[in-house]
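Structure provided below as structure tokens; questions to follow.
When the chains are written out, they are named A, B, C and D in that same order, and each has its own residue count from 1.
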Amino acid sequence: MGLDKIAIAKRIAQEVKDGMYINLGIGIPTLVANYLPEGIDVVLQSENGLLGIGPFPTEDEVDADLINAGKQTVSMIPGSSLFSSADSFAMIRGGHIHLTILGAMEVSENGDIANWKIPGKMVKGMGGAMDLVASAENIIVAMQHKSKDGQSKLLKECTLPLTGIRCVKKIVSDLAVLEVLSEGGFKLLERAPGVSVEEIKASTAGKLIVEGEIPEMRIN
Amino acid sequence: MGLDKIAIAKRIAQEVKDGMYINLGIGIPTLVANYLPEGIDVVLQSENGLLGIGPFPTEDEVDADLINAGKQTVSMIPGSSLFSSADSFAMIRGGHIHLTILGAMEVSENGDIANWKIPGKMVKGMGGAMDLVASAENIIVAMQHKSKDGQSKLLKECTLPLTGIRCVKKIVSDLAVLEVLSEGGFKLLERAPGVSVEEIKASTAGKLIVEGEIPEMRIN
Amino acid sequence: MISKVVKNAEEAVADIQNGSVLMLGGFGLCGIPENCISALLSSGVKNLTCISNNAGVDDFGIGLLLKTRQVKKMISSYVGENAEFERQLLNGELEVDLVPQGTLAERIRAGGAGIPAFFTPAGYGTEVAEGKEVREFDGKKYLLEAWLKADFSLVKAWKGDTAGNLVFKGTARNFNPMMATAGRVTIAEVEELVPAGTLNPNDIHTPGVFVQRIFQGVNYEKRIEQRTIRQA
Amino acid sequence: MISKVVKNAEEAVADIQNGSVLMLGGFGLCGIPENCISALLSSGVKNLTCISNNAGVDDFGIGLLLKTRQVKKMISSYVGENAEFERQLLNGELEVDLVPQGTLAERIRAGGAGIPAFFTPAGYGTEVAEGKEVREFDGKKYLLEAWLKADFSLVKAWKGDTAGNLVFKGTARNFNPMMATAGRVTIAEVEELVPAGTLNPNDIHTPGVFVQRIFQGVNYEKRIEQRTIRQA
């Protein structure tokens, strides 16, 4: 059961407000741009130096000098601007990006996030993730609620090396939408269609807060 | 006797080397640009955001959006570039400007300089002088050796509030050319035409070092 | 998309309250937000703290706001050329915080870039260093300086577009780009406002994310302080 | 005026010695100094420390210098996409210092801007913070990070002029402008070298003062890592 990747992206898209400047991580977050509600216009930032990411280029438009942070060829939109990596992270660090959406391997009940390193495996580096999570005023995580072998990834404390602490504000997983409370704890806001509160409780190792009726997500 | 302002500028011009990037302060330093030796090309930096200051504009060329740090209208040269004040002082602080030439009210024998504030008089502010003297790899001061009432301005210690410490490398005054030694002391290098070593001694309150014959400046 | 374009300076500055901290772009009278300054005069807002490299002249620029006693404090690097300023300062009617120009520029950049403090060599060993932390790196002494931010930044650009992107001309750039990044609300006045997509994205000096309000200004005087010319 | 123009990459890198610290511009394979990398391969210089956001791929970019074992240490933010890199790292043949991307960019800018250290929030509470000074500003914790400088910076621009001014195109700008400021000697390779006075002074991204050597590169491959397209 639970949501597939596209449904997670669709649900996160509902969190986006008109006029926001947004940084989208690789994977599910990138898909969010495809499912924004009618009338919602946002500007996407790419930390390698582009504000106003357009769609993938046509064959004719492909330009090796225009890529996103995932190294994919992209296009620009009317109003796009280009800048250096120092200016890009000045923008991020200075709090000018309203929302960061990224993936996670683990999130703790106080909002710590781990998403860059697994001990014993080859370390590729943190890229811009540590700057993004330390700086954004609002951070939404797109993730699977459990690992492939059934272990919860919403924990009391992260077991993997951290990317940042006390920064995640909201989680949209395949099972639920949860708010991370500033005093600690995952507050259950919505269930995935057909998923019970009991299943979410069983899948959440950290402190889960359930108050009143928990509605089902509405996804088009 | 001693040099007039133009002669001081001419003598300082002999210190300039081909290809240097230079910041010139207001007053005598600005004049230096007019007396560079044949074959010496330099690039002048204006700390309000221009590299490659050209001559004053003709009446037709005057542009209110193009001024130097003295707020005078200027022109550009082939190869000029424009930038923000933050980038300008990054350039200065990062040591990319080879030579700063500025005026001084007092210089001490260990290279301290005072040139921005006289207690009891209206304080106009330090402008960019503190950044310039704290950063430039080479600083030459253009100044009068004595005040109007005959007091030496080359002192053991400055009496006025400082602009920077241990930064002046060379002084060209109306009476002499002096090197400020890193271990302290004004080493006399040249005398103004017709000025005796005795007169320079009498006019220098700080430690003056005189070794061997002191030649006269050659000024065209 | 919510529009950033406002009708004029009056609309742009309407919610600036008494006691606000403002940044105003410009070096001397070059690149100053003339229209916004006029609108502040009309609005009559008081007790302003103005962060600006200079304080204008008696009858132009920030000097106009000094004359009407709307300014409580200036944070600047150089405030000569202004007799009314001098009078208020000597009478204790005006506070002034003098900051080395490069430190001022970098503190503003830091405010916009999320850097709360940095080390700089400017002012070490002088009265500017009083009360500041000193640290040595590679044998040279540096002062710790803090970021500056503003409630409102008022900047002036040559061209701007409806997405808030700005392009400056000549040395009218000066403090404007950093100030644009350091305001909680940044108001940009431009000589020419064009539709988004008109400006070359490679040539934009201030990306639109930093600008919350933009309008095309009117009647730019662009006064010259020192008109120096040579014969043609 | 002494000319900054050199004939080609070989001449430009001829005095780079074994053990040098280099900065190399680029993000992935976008905006990398292809000609200089080729010339370093030919020169055979060894024990290089390379400061670069990424480490290229197996058969392009810095990956080529890894294959020939010319690199002793990498300072980067992300080094995936490179099997040879992984092999050398796991075998202890290569040192790697991983730095958050924004911290890397800012440390390089600081190196060029004469700022020996600054506070940043990135990495606080993580292993990146180990051994670093922590300080609180306005209720938030920050790490003190130090500048980075290089013996030689190798940057790639779109256009350049004989005065050393550079203009970048698209996202090929990335780390190149800051690196240009942080090298004791900065070598710029450009797709098109034009006479001084050709570029609009308002549009120059890197002023000539930062560039000591410049040449027009040849045979740019500009390889694309992820060719993503949509139907027209």
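Everything that follows uses one rule, which is that a contact is a pair of C-beta atoms (placed from the backbone, for glycine too) under 8 Å apart; a residue touches a chain by one contact, two chains touch by 3 or more.
Quick caveat: nothing in here was measured; it's all calculated off a predicted structure.
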Go through the assembly and pull out the chains touching subunit A as well as subunit C.
D
Averaging each chain's C-alpha atoms to get its centre, pick out the one most distant from subunit D.
B
So, in whole Å, the Cα centroid of subunit A is separated from that of subunit D by 29
Chain centres from averaged Cα atoms put subunit A and subunit B apart, in whole Å, by 56
Which whole number of Å gives the spacing of the CA centres of subunit B and subunit D?
36
Got the subunit B residues that touch at least 2 other chains?
82-83, 89-90, 92-93, 135
Residues of subunit D that touch at least two other chains are 106, 109, 113-115, 120-121, 168-170, 202
One finds touching chains in the pairs A-C, A-D, B-C, B-D, C-D
Going by the contact rule at the top, pick out the subunit C residues touching subunit B in the complex.
27-31, 53, 76-80, 86, 89-90, 98, 100-106, 108-109, 120-128, 158, 168-178, 205, 222-232
List the residues on subunit D that touch subunit C in their complex, please.
106, 110, 113-121, 135, 137-138, 140, 142, 146, 167-170, 200, 202-203
Residue ranges of subunit A in contact with subunit C within the complex:
18-19, 21, 41, 43, 45, 51-52, 76-83, 87, 89-97, 135
Subunit A contact footprint on subunit C (complex, rising order)
1-2, 109, 111-115, 161-163, 165, 181, 195-197, 201-202, 204, 207-210
Subunit A residues touching subunit D in their complex are 46-50, 55-60, 62-74, 82-86, 88-90, 92-93, 112, 122-131, 134-135, 161-166
